[in-house]
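Listed next: structures, encoded as structure tokens.
Here come two complexes built around chain A, the first alongside chain B, the second alongside chain C.
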Partner chain A sequence: MIKLENISFDHCIKCTVCTIYCPVAQATHLFPGPKQSGPDAERLRIKNPELVDASLKYCTNCKRCEIACPSDVKIAEIIQNAKWKYVKVHWFRPRDFFMSRTDLVGGLATIFSGLTNFIINLKVMKVLMHLFLNIPYSRKFPAYQRGTFTGLYKKKFMQSQKVYEKRAVFYHGCFVNYNNHSLGEDLIKVMNALGYGVDLVDEKCCGVPLIANGYIEKAKKNAQYNIDSLGKTGDAVIVSTSSSCSFALMHEYPSFLELDNSSYIDRLDYITKFIYDEFTAGNIPQMKAVGIRAAYHSPCHLERMGGVIYTLGVLKMVPGLDLVVLNSECCGIAGTYGFKKENYEISQGVGQNLFRLIEKAEPEFVVTDCETCTMQIEMNTKYKVLHPVTLIAMALEEKNKGKK
Partner chain B sequence: MIYDCVIIGGGLAGLTCGIRCAEEGLRTVVISGGMNSLHFSSGSIDLAGFTENGSVVKKPFEHIKNNAAKKKDHPYTKVGIPAIRKSLDYFKEKVSDEGITLNHNSDFNHFHVTAIGAVKPTYLSQESVFSSRGKDIIKSGAKIAILNFKGFRDYYPEQTAANLKEHPLFKNSELMLGDISLPYYLHTEKNLHEFRSTDIARIFETERYLPRIADEIKRAAGDADAVSLPAFIGINNYREIRGKLEAMTGKFIYEIPTLPPSILGLRIDHAVKNSFFKHGGEYIAGKKIESSVIKKGIVESIITGSRGTSSEIKAKYYVLASGSFFSGGLQSGVSSISEPVFDLKVKGDSKRSKWYSWNFFDKKSHPFLSYGVETDSSFNPSTQDGKTVKNLFCAGSVLAGYNPVKEGCGGGVAISTGYKCAERIIREIKK
Partner chain C sequence: MNRIETDVIIIGGGATGAGTARDLSMRGVRCVLIEKNDIASGTTGRNHGLLHSGARYAVKDHESAHECMRENKTLRKIAWHCIEDTGGLFVTLPEDDPGYHRLLLEGCRYAGIPAKEISIRKALQLEPNLNPGILSAMTVPDGTIDPFRLTASNMLDAKERGAIILTHTRVSAILKEGSKVSGVSCITKNGDAIEVMAPVIINAAGVWGQEVCAMAEIKLPMFPSKGSMLIIDYRINGVVVNRCRPPADGDIIVPGDTVSLIGTTSKEIPYDKIDDYTIDDDEIDILLSDGEKLIPNVKNTRALRAYCGVRPLVAVSGEAEGRNISRGIVLIDHKNRDGLDGFITISGGKLMTYRLMAEKTADLACKKLGVKKKCKTHKVPLPGSESRFSSGRTVKRFSGIPDSVVGSTFYRHGQRLRNIMTGEKKNYRLICECEMVTEGEIEYAIKKLDVKDLVDLRRRTRIGMGPCQGELCAYRGAGLFHEYGAATPEGSVELLHDFLEERWKGIRPVLWGDGLRESEFTYWIYQGLFGLSHVNNKKKKKG
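Showing the complex of A and B:
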């Protein structure tokens, strides 16, 4: 049956503007593009689900088509739905299974982090992964850190957070927890400077990699777990440093997974929106000039959320930051997409424009909000990538520490 | 952190305004929902193409001047001839800095061919559409080959040829039709007719196949002096490509816009956006402004997003450049016309049956095209209670008082009103 709320395909005026801006359709002719795979084909799929075709797998769910569409068609959502909802996935796919279980794999890997990092980047291991798991040989993996961020928080920060009256819950996500503790530490530093004490609550992976790999039921379970957990946090603000986790918590839960997140939606922000609001309200900590030239890359999901305006707003407040804003281009990694052998060339092809722009800007650092964009850019350019929060943490004066 | 100027709508009007404000050092942001109507346009800027009774205007500035007394509410009358001229010169200069040359026929209109093969007057065109060399070639009665790429569905050369044959300008010309094919297609799984103009433009942009395409053109065009192609010979580096093709074929290359996406329009879109970035403007795509807060004739903020994800944006000055019905700047109910962001006073008929003509191609056009937001002579609109909103300006096709199709003046109004609003804001801020 056609659900009334899902008929946005009917608003399509067939202008093909979405396809002009689809980075995958630009990189390969194997993908017919958003217009054809989205609203066009949806009409047929509704009548006969067997018309779902394999080329849908090329869509990275970057949502650039939706940004471009003049008629507000939810093109990427239509494609995601078609990918997984018409065809039930039953068989076990080892690579997709492990790739999408970022919390399970991350949890194991951080216990043996030294060993994991060693093995995962061994030549022989890469050959094996290439052959058996279809993970491209030339892909570099994110390094796993020893222990988890939650563990570190308990040991090092929990006590010191108690002195703050205003409370903020930090949804840290898998990347901070397993791969980048220092971003979590920077977040605490910045929140403290703004006068907030940081709490952690029980959380599971937001579900983005699960959705991308077709484990919709598992994604729903995780989402419900997070909704329950975040819903119980009273009136504390909730922040996340990951643009993709934020996107899922705010938008994908109610729209794609059809779950009710009203218990926290009014309190949750992607971090730069939160900081922007604080700064605008006059709560600006002491900052010193950073003296850095940086190029800013806007991640696709943050663009879709309309969040770029806040990241730029905040960055423009950092003294001594010479910021080059790069033209909006997709980096090509799209979460787990670029880690798969069959997508590797397309993923790299999509990213070429961005890599060229970065080289042309000649920055000292690249700044971006998204963890997988960070990996992609660090692998393909010679630059180190910083999160906006890290940049603010670098600018903070020591004396902010006392501010309660 | 308050913007000097927030512009709602990233079309021709909003971006012209944005470039001018950003250039003056104002902190400027353009916030836009979907892509603008340049993606569907011919890429030529119409200034004043037709008179009230539908005949072709030869000298647009003269026409505007003569009409000013009669049409007090027309945006052109409010902008004034000197500022219209200045805005077009400014616009030309800015897109030229981004690699797109716009030509005009001194103070006269020239003709261009539209996507459905109609021959229409316009004022500014890219050099592949109007140049003095092209003009000479047509005058000399040269042989013209109208070519299409075999299998390409978004363009009808037969229609173009039929219309050109009837046009007095081409009465001496010999016209012929022909097809070219691209070698590239032999190696793709895609069906020929699945290719849109942008797909083909990207193939041209690689420049890999140019020599073979040139051979194809020479074969299909025979001894013709000029060749017209559907506009798909590149988006960003089309000038080099056109130059190379002309050198390789020894023929003059003319471009005709295709059905959307229109590459000629896309080039202008990219050029104005790049210019805006270069002057330090911020551009937020894919974000619709849903509502606003107006108190005592002053806009306090505008609001995006829905519950939980909504946010307020504040500025000293606001510009509404949200386009017409097509772009969502105006909305129609069962029997009402409204402006959704500020609920401004609009001019339009409340009787639905009066909105349109039964004849789709009515020469007098449809009345709804002239509906829009009413403003005073400074482009300040008013709220439903009749109060003027002082820090809000309106520009482009959201405005009432003109019919872009009937008068052939859409681009000129967008550019000149966008420019004029920017001048006003700059003056206020620098006070």
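Showing the complex of A and C:
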């Protein structure tokens, strides 16, 4: 018998709304849906841990079930917990190990970025990975950039940030650090325009890929490291450009990993919430019309945080932006989920609705907050995907050019 | 009129009746079992499903305690698929008399019950959800037993050995020839009359035995004592938790299948109220507040339903309280008592001693018939328990069907899982999502286990016994009755209506919090969406 603590499943009234909103259950019959895998099965698992279903592995942890639930059952959390508590996994999983260590792999890859990108896209390499690592052949990989964002920051921005009185700490996350330096640069531009100087602190991967691959202890270590590091930043505001990283920093740490993050929780915001607050307080920098038609896709974890409304609020204030708000659909990639051979078809199946909606909207760009959504959409549609911050930076850029 | 000739008639389809039918069939005696409702629908199915170690009786009633322990060992052998070896604890709370602990240990030693004192830390390891403020703890070989499954597999075995089972059939008269009984006449659910002729009649109707005796013009006053229990949404404990004090209300929490039960109260009721099954608010208050003292989580958890059973105690002498009366076995040969030859009454006892009661009754019946065969029920395993399998190994053999479904079906039917689980599609279709009941299991129950309506089906499969109390499975189940030819389309709607009414009876006493929300939703589905009250109105007009 286990000590019973998280008993939110007791509130489930079996309305099955969560299963209606589950993107995986719609895409495949192999997953019986969040109601059955979560609150229903939890009672059985409490009775006998052997009654655990292998189908739990199909859950992407998108958390749309938790948004849908009228009874405040922590369905995705129950499933994640069960997945790693009851299902026995082999200790030797090289693919999952490297996939979840985004900072380790990223750190190595950025040293010889050109070579890495070349090798990883070789057909032979793809076949080998397909065969031996179970990474699907047709999956495209994000390109690695030369050097890290932290290195770039030290060289290029550290000095210029000192003139600002108000300080903001930027939790850049792995994607900005290894794959997308320009988003980091855009963020600094936008923060500067709002009158904030940007600092970086020591940080490790937020832990989302670790949780998704079952390395809960390692995730806890990383989380504690980040909590210590971010806790020491005085009263500076903390922002992040990744919706999933901010979700982990704000919500997964205290509830799923059971760690105390009260030292910074009041100061941390996902970037669009921060910008929205500044904008509505009257701190609006001069922007010029961007003249772009864009389709906005809302990532699952941002929805779970209730952050979509702020992104939309900010985007609406960007002049000259013709915004199509897409119906809320999961793109299917769910972090490392879509990079695994056994999930690839489901992952693509889940995304079909979204891809169709994007094609229909006929935009010039797609806008979204999440880095893995970006990969998925860029792979499956012909459009380039922008982060909301990049869009604002574009509006600012116009202004600078005008001055010149 | 149908007429059946047989050797023995058994009236009452509880555990004792079913056990007697099995015992007699194993000795080659033909028998017919007549039950007015469904098997295990009376007192057998209305207890907390505890596989007693006997420790509860060890201080006051050594004989009962010893009987319990012996039957405990036997049942573990012959009916493992109805039993879960959870182990049991006796814990002393701060407000209890600390001296009772020692008394109980001694009593257990005397009665041959392996009770062992353990440290409080060890008790909390064994059952982490226990109140950490306990003063002392001991382990006893308690477990849980499912009375429905136990009765059903006794019945199945008897049937496979040639016995005839008539459920939903009411005995209307006992036929006599001089000072000997010759048979009974009875009426089925549809109103058909049947006459069953036999030289021996066994009255195993429990607390309803008084009525059966009255039909034979014999006075046998019963002493009805009501016990109420509360069902909690999920297993809040893995080990049976007993309170270490003299028997009183609300002193046990039993983990039964996917739920936990808080038991029991004891209340004397007049005989004409035995079919009412009402639970009073003060009983629920006692169960909740005392349950919380044993396991604090009780206060955060949804109560699913409350129910009560009536103990079949024969008032041999004029004792004052239900709890103090002996729960020993009462076997009456009415030839000696009332001069009516061939009529036997078996009553008293406990679910735990059903097999022993059946053995004694069958012995007497065989003596009357001149059959010399010995009882074998303590050696031959029940259907489902033929040979021992580990759950894990069995579950792995059915790859493709989710482990939770196979595991749950295996838990309910033991080895008879083979008759249910096949590669057919119906085994993938879940009907009851709370308790993992598939269409295949329902088909098996309807065809093989004497299921006549949805309430019967619940007793065989646990359909509708989960947190939603039939909200999502009742209408699917009703549809299947039609599909497998057990009801007409109109008939299946009526089955659905009756089932929901039966569920509602148990929900009503605990209607608050999440249970209330659940009921609102159920009401919305069945009334708002399906308009089910029309059925009721039609019925009333017909009536």
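One rule holds in what follows: the second predicted complex is superposed on the first by the 387 of 404 C-alpha atoms of A that agree within 3 Å, B and C clash if a C-alpha of one lies under 4 Å from a C-alpha of the other, contacts with A are read in each partner's own complex, and residues count from 1 in each chain.
Everything below uses one rule, namely that a residue touches a chain if its C-beta (ideal position, glycine included) is under 8 Å from a C-beta of that chain, and two chains touch if they have at least 3 such contacts.
Being a predicted model, the structure only gives us computed values, none of them experimental.
Participant: After lining both complexes up on chain A, report clash or fit for chain B versus chain C.
Facilitator: clash
Participant: Using the superposition on chain A described above, determine whether A:Ser71 touches chain B (first), chain C (second), both, or neither.
Facilitator: Touch status of A:Ser71: both partners.
Participant: A:His297 contacts which: chain B (first), chain C (second), both, neither?
Facilitator: In the superposition, A:His297 contacts neither chain B nor chain C.
Participant: Who touches more of chain A, chain B or chain C?
Facilitator: Of chain B and chain C, more residues of chain A lie in contact with B.
Participant: I'd like to know which partner A:Thr280 touches here: chain B for first, chain C for second, both or neither.
Facilitator: First partner only, chain B.
Participant: Could you tell me if A:Lys189 is touching chain B, chain C, both of them or neither one (first, second, both, neither)?
Facilitator: After superposing on A, A:Lys189 lies clear of both chain B and chain C.
Participant: Contact-wise, after the overlay, does A:His387 reach chain B, chain C, both or neither (first, second, both, neither)?
Facilitator: neither
Participant: Considering only the touch criterion stated at the top, classify A:Lys83 as touching first (chain B), second (chain C), both, or neither.
Facilitator: So A:Lys83 meets neither chain B nor chain C here.
Participant: Regarding the shared-chain residue A:Thr16, is it in contact with chain B (first), chain C (second), both, or neither?
Facilitator: both
Participant: Just checking: does A:Gly306 make contact with chain B only, chain C only, both, or neither of them? Give me first, second, both or neither.
Facilitator: The first partner, chain B, only.
Participant: Contacts for A:Pro32 in the overlay, against chain B (first) and chain C (second): which applies, first, second, both or neither?
Facilitator: Both chain B and chain C are touched by A:Pro32.
Participant: Given 37-45, 199-207, 253-261 or 523-531, which part of chain C has C-alpha atoms clashing with chain B after the fit on chain A?
Facilitator: It is 523-531.
Participant: Under the contact definition given at the top, report the residues of chain A touching chain B in one complex and chain C in the other.
Facilitator: Correct list for chain A: 15-16, 32, 36, 71.
Participant: What residues on chain C touch chain A, complex-wise?
Facilitator: Touching chain A from chain C are residues 126-129, 233-239, 255, 257-258, 297, 300-302, 391-392, 395, 402-404, 407-408, 411, 430, 433-434, 436, 466-468, 471-472, 514, 517-518, 521.
Participant: Under the stated contact criterion, what part of chain A meets chain C in this complex?
Facilitator: 1-4, 7, 9-16, 32, 35-36, 40-44, 46-48, 50-55, 71
Participant: Applying the document's contact rule, which stretches of chain B touch chain A when the two form their complex?
Facilitator: For this pair, the touching residues of chain B are 1, 29, 31, 33-36, 39-40, 188-190, 194, 196, 198-199, 202, 260-261, 266, 274, 277, 282, 284-288, 304-305, 307-309, 311, 313, 326-328.
Participant: Quick one: which bits of chain A touch chain B in the complex? Just the residue numbers, please.
Facilitator: Residues 15-17, 19-21, 26, 29-30, 32, 36, 66-72, 250-251, 261-262, 265-266, 268, 273, 276, 279-280, 303-306, 308-310, 312-313, 316-317, 325, 327-328 of chain A touch chain B in their complex.
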